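Two complexes are shown next, each including chain A; its partner changes from chain B in the first to chain C in the second.
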Partner chain A sequence: MSSVDTAQVRIGRAQKRALALGVVGFLVAVILGWTASQKAGAVAWQAFVQSYIFAYVFWVAIPLGCLAILMLHHLTGGWWGLPIRRILEAGSRTLLLMGVLFIPILAGLSRLYSWARPEVVKDDVLLQHKLWYLTTRFFTLRAVIYFAIWVILASFLNRWSAEQDRTGDRRFKDRMEALAGPGLVLWGLTVTGAAIDWVMSLDPHWYSTIYGMIFMVIGCLAAMSFSVVVLSRLSDSEPLMDCVQPKRFLDIGNLMLAFVMLWTYMSFSQFLIIWSGNLRSEIPWYQQRVFGKWAPIAVTLLVLHFFVPFLLLLQRGVKRRLHVLSRVAGLLLVLTLVDIYWLLVPSYETLAPQFRLLDIFAVMGIGGVWLAAFLGQLKKLPLLPLHDPRFEGVLEHGHGD
Partner chain B sequence: MDPQGSKNIVASPEPEPIIRPGHTFETVTDKISAIVLSRGTTPGWAFGLLIGFSLLMLLNLVVTLLMVKGVGIWGIRVPTAWGFAIVNFVWWIGIGHAGTLISAILLLLHQKWRTSINRFAEAMTIFAVMCAGMFPLLHMGRPWLFFYLMPYPNPMWLWPQFRSPLVWDVFAVSTYFTVSLLFWFVGLIPDLATLRDRAKHPAVKTIYGIFSLGWRGSAVHWSRYEMASLLLAGLATPLVVSVHTVVSLDFASSLIPGWHSTIFPPYFVAGAIYSGFAMVLTLAIPIRSVYHLEDLVTDRHLDIMAKVMLATGIIVAYGYATETFMAFYSGSETERFMMMNRLAGPYAGLYWMLIACNIVIPQLLWIRRVRRSIAFLFVISLVVNVGMWLERFVIVVISLHRDFIPSSWGMYYPTKWDWATYAGTFGLFITMFFLFIRFLPMISIVEVRSLVHETNEEKSHS
Partner chain C sequence: MKRESIYGLMAEFETPDQVLEAARRTHAAGYRRIDAFTPIPVEGLAEAVGFDWTALPALVFVGGLLGGLSGFGMCWYANVISFPMNIGGKPYNSWPSFIPITFELTILGAALTAVFGMLALNGLPTPYHPTFNVERFELASTDRFFLCVKSKDKQFDLAQTKAFLESLKPHGVFEIEN
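Entry: the complex of A and B
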């Protein structure tokens, strides 16, 4: 009993710390953003929203991935989902907050996207062709629709899961399973839309059909890694202790490996096709990111986002030990941040990466607030789904021993 | 139900058994080996083989004519220089992918249900790759010079262009065929030994004896067998993805609108698995009813395969959706024209048929009753096979026949020899498949026996 309290207390303490970090991060970011606006020739708040969207895309990827993996778990029903399910659920419940945190981006649209500046569109025939899609009003409407779909999906899954805990009724499992299939389809479409709207349209001339899929994989990998990190922090507390078995982590590690390989496969496919096509409309994107001053980051991604985790995750010894696996997961989370930096920032920092304090504080600000919300959600329910019919045998077995 | 029993049921992830209960090692061996050894040649089988063999002779005729007259007997004309040959190549090779997925990836994922269907799915893979491989060879015009594609030292200083995905194709497909064949054969060895031991006729005994490579079933044999299967599964797994990725790059690395699209690799792989599972269903449904294998290939198998089809079909639909969206989003005139030409051009009928076959009709698989209805499933599997063929036709022909310069546009009409070549490869496939079900155990005796063992173990535990 007391250890349950300890877990809640620990989460509560971490939540306070995260919130403090978030508030400080936000404040410093706002101050830095304001100072940057005062410089001669600077567009007011432009630097701030640029850093903000980079941080935002990273932090929104995690709850979005949580939602997808939660549905994947309901659909396929593997036992690997047992220890991380509550983490995924808590993550998915933060999507409403992410919707609120999207408002600064909407407010700064014209500072971020050249298609939102009439004076640019006036002289750009290509952008005029895209006016049916890239308009401020339609962009906002789409964002509202995306968040509505995500929040509704998350709220149904969470409500049924909580009901299942309370009543132990089998029906809720069937309902979650039934929602998961169509839910994943909706998720795929909306995440593709968000990836195109929020990120790809930063370079409004450039397009790539695989882009949505790349973002789906980024989200899933980030969520998986994040869950493993959280799990390893909480693994010594009741009732998680009972189900921390090496067998289960093998599956989680294999899923991470699959996502790492998928990420590489998709990213490399996109590169190979655009590189061999060498078209004026496409290749500039890679000229900046791979052949220019951004090259060191691209190489870092290749080595640390693919080769190192790939070779590590192939080993059973790594996947069976939670504390080792969580190191790899931590590495992957950091590299996801680097990946998003590499995808987004060259769109406005065209020549070379520039170290900006603002980026760091934006990541800290949104991250702190998001983490605090996540931890607040996490402590609301027991750390394991107690009455899922798929898991009952496992848990009882654990207690019986 | 006693509490103990109900607990066992909830702990089990499987809602119903994979094979029908009541089987022992003996009944499994009897049932599968009898099809080969004691059932004899039935008129139905002979008739099927006759059809297949007749079509195979048609292939013989077409290939002869092709050698004599050249590829001009086909409908390929500039600008559509890739006609039926490439459509059929991609279609056949896609079908093969389900077999590899079932045998390799599902083995690594410990999916037990694969055991009843992997043998004939692998056979399907091998025969489909044989059919597929013929097309690029014949399409070269001078198939007897195909070895120019190999990097070998020669006095002509001839070296393949390694930057071309067409060259990668040679390696991808030949590796795929080799590994699939090896995998299939290694899996067959213990079963061949069973047939050797059960055969009555000395000649039959000798033939199976030769191919079972002296298998005695010792512990060392089994341990090496397990290791070899696992290693081959590991080798075959990347091939599921790599082969169709390379095939997709044949298109995507060019500049033709409708081909040059970054989503091609994952979308081709999903399409390959989609069509492959459709073909497995098309084959499994009649076979299991003719040979009364319903208790080994159960309704549950069909249900799972239908679900895989539904999932991969949705990825394919996603691919079409992004292609269409990007064509209009891109702002590029040629991309937009390509898409309008698909939606409303001279071949638009085929495009809409493709949408109906690949996207609209398979959505019925969401409904459990449809997945559990043999007739529905069989029809949907045929529809998807047609749909996937149309997809390749749309990609190859519609993109080529009208590209950048209107003065070089043209139409593509397949000739009777195009159709005859296609039908001929069906002949090859059907002939091989009929010979396979007659002379080899079409379900893995060994693996189903181990499944029976595990099912009984579970029962005895509860």
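Entry: the complex of A and C
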């Protein structure tokens, strides 16, 4: 039993480190944000909220993806959920915190979104037609609804899972299954809404119907990669050690491969349609992102977010070795951050990426705080859901299907 | 081609665990030309008989690559060389519009290679096989599990190998005539 403590102790230590990083990151970001506000002609706190939303979208994608993959697993079953189930659950329990961390964005709406600036809307007929939807009050209401749905879904799934672990009662499995179907539909709708509200409306003239899907895939890929990284960090401790077997990771690696391909499919479909149409209302969004100073980032995404992980994840040798798979997962997490940078930031740094220090500290600040909350949640329950009927016999025989 | 009069020896087992254990021990005893026949997939059996490498993934990759290249090449040839047309003022070599075809033909090439490569590497179709000479072998498709040591194996010696297989406590050991 002493080795169980080791995992918990290790998580506890990592949690303290993450919290320290988060607090430092936040403080530095606020100082940098304040300094930027003092420059002549700067709008107070504008640079800060711009960096903040970039970091926020990245870090909210992971718990949202956790929630989706958790529900996906309740629907489909499969042993691949066994080693990552607790990680996904802990991730989904941080959504309330993400709701609290959304407040700075609400406070800085007029600094982020041109539709929230009356002096811009006054001269923009197109925006005036969109004003029934893009109002501060309605935007806030929608954000509250999204978070309420996510937090309620997560809390039911987590409560039942904990009850199941305690009692071993099969009824909880049925309940979780029953919630997962409609839950995933709600998840899809709300994530689409959030992607349109929070990210797409940074360019209020531009629109793309596949945008929500792109963010769903980003979330799932980020959550899957994050789980693999966490798992490999904890894999040499009880009780995970027993279920960390090479062939077990094939499915997880295959899911990562599927999400990498889905990301490419979605991103390319959007590009192909807009490129073919070549319309003045749509094409500038891509012109900004694939020509000029932003072009190297687009090429980086194509190579490192598609070709490299795709070719690596095709190989069984990579998928069967957890420490190799976790390197690929780490690469994908970094590239997801780059992808979100490329999607969001050109909306306000129109000509070239500025690579502001503020961006880095915002990522560190929100990330540290989020990670500390995640690890705190992960610590609360045993690392494996041993009483789930789906996993019965898997650990004893070592060859579950 | 020189043919041995004996193709090999066949041991019959009653459960998947028995055949799995027997396969592991046979492989550990140094036999390499071994094969197993079971009515249901037995996890780990392929590894146990030493089947750890197949050319199929590499073939499928090459098939997919060739499919993709031919898809792109076809689009490029049609739009740039054979029948250049001004479509919406775009350049003739508008590669983004070639990607869907490239993608489809990659899948087609990979899938066809997978199916026919699998058949070819398995030597299928095979209308005659020496194992059919063992009368009880037809049980391999109902409820019995068979392990075969081929006479091509360097270590193969009819009497010794037979004694070794007997030591694995099978239901029976049969000689396979060629």
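Here are some notes:
Definition applied: the second predicted complex is superposed on the first by the 397 of 401 C-alpha atoms of A that agree within 3 Å, B and C clash if a C-alpha of one lies under 4 Å from a C-alpha of the other, contacts with A are read in each partner's own complex, and residues count from 1 in each chain.
Throughout what follows, a contact is a pair of C-beta atoms (placed from the backbone, for glycine too) under 8 Å apart; a residue touches a chain by one contact, two chains touch by 3 or more.
A quick note: this is a predicted structure, and the numbers were derived from the prediction, not measured.
In the three-chain model built by superposing on chain A, chain B clashes with chain C. Of the two partner chains placed around the shared chain by superposition, neither chain B nor chain C is touched by A:R171. Look at A:G77: by the touch rule set out above, it reaches chain B but stays clear of chain C. With both structures placed on the common chain, the touch criterion links A:R159 to neither chain B nor chain C. The partner of chain A that touches more of its residues, comparing chain B with chain C, is B. In the superposition on chain A, A:T209 makes contact with chain B only, not with chain C. In the superposed model, A:K16 lies in contact with neither chain B nor chain C. Superposing the two complexes on chain A places one region of chain B into the space of chain C, and among 114-122, 222-230 or 420-428 that region is 222-230. Comparing which residues of chain A touch chain B with which touch chain C, the overlap comprises 272, 276.
Across the interface of their complex, chain A is touched by residues 7-8, 10-13, 163, 241, 245, 249, 252-255, 260-266, 314, 318-319, 321-323, 326, 328-332, 366 of chain B. Residue ranges of chain A in contact with chain B, taken from their complex: 77-79, 126-127, 129-130, 132-133, 181, 185, 188-189, 192, 196, 205, 207-213, 265-266, 269-270, 272-274, 276-277, 279, 281, 389-390, 392-394, 396-397.
Touching chain C in their complex are the following residues of chain A: 268, 271-272, 275-276, 278, 314-316, 399, 401. Note for the complex: chain C touches chain A at residues 43-44, 57, 61, 88, 90, 96-97, 99-100.
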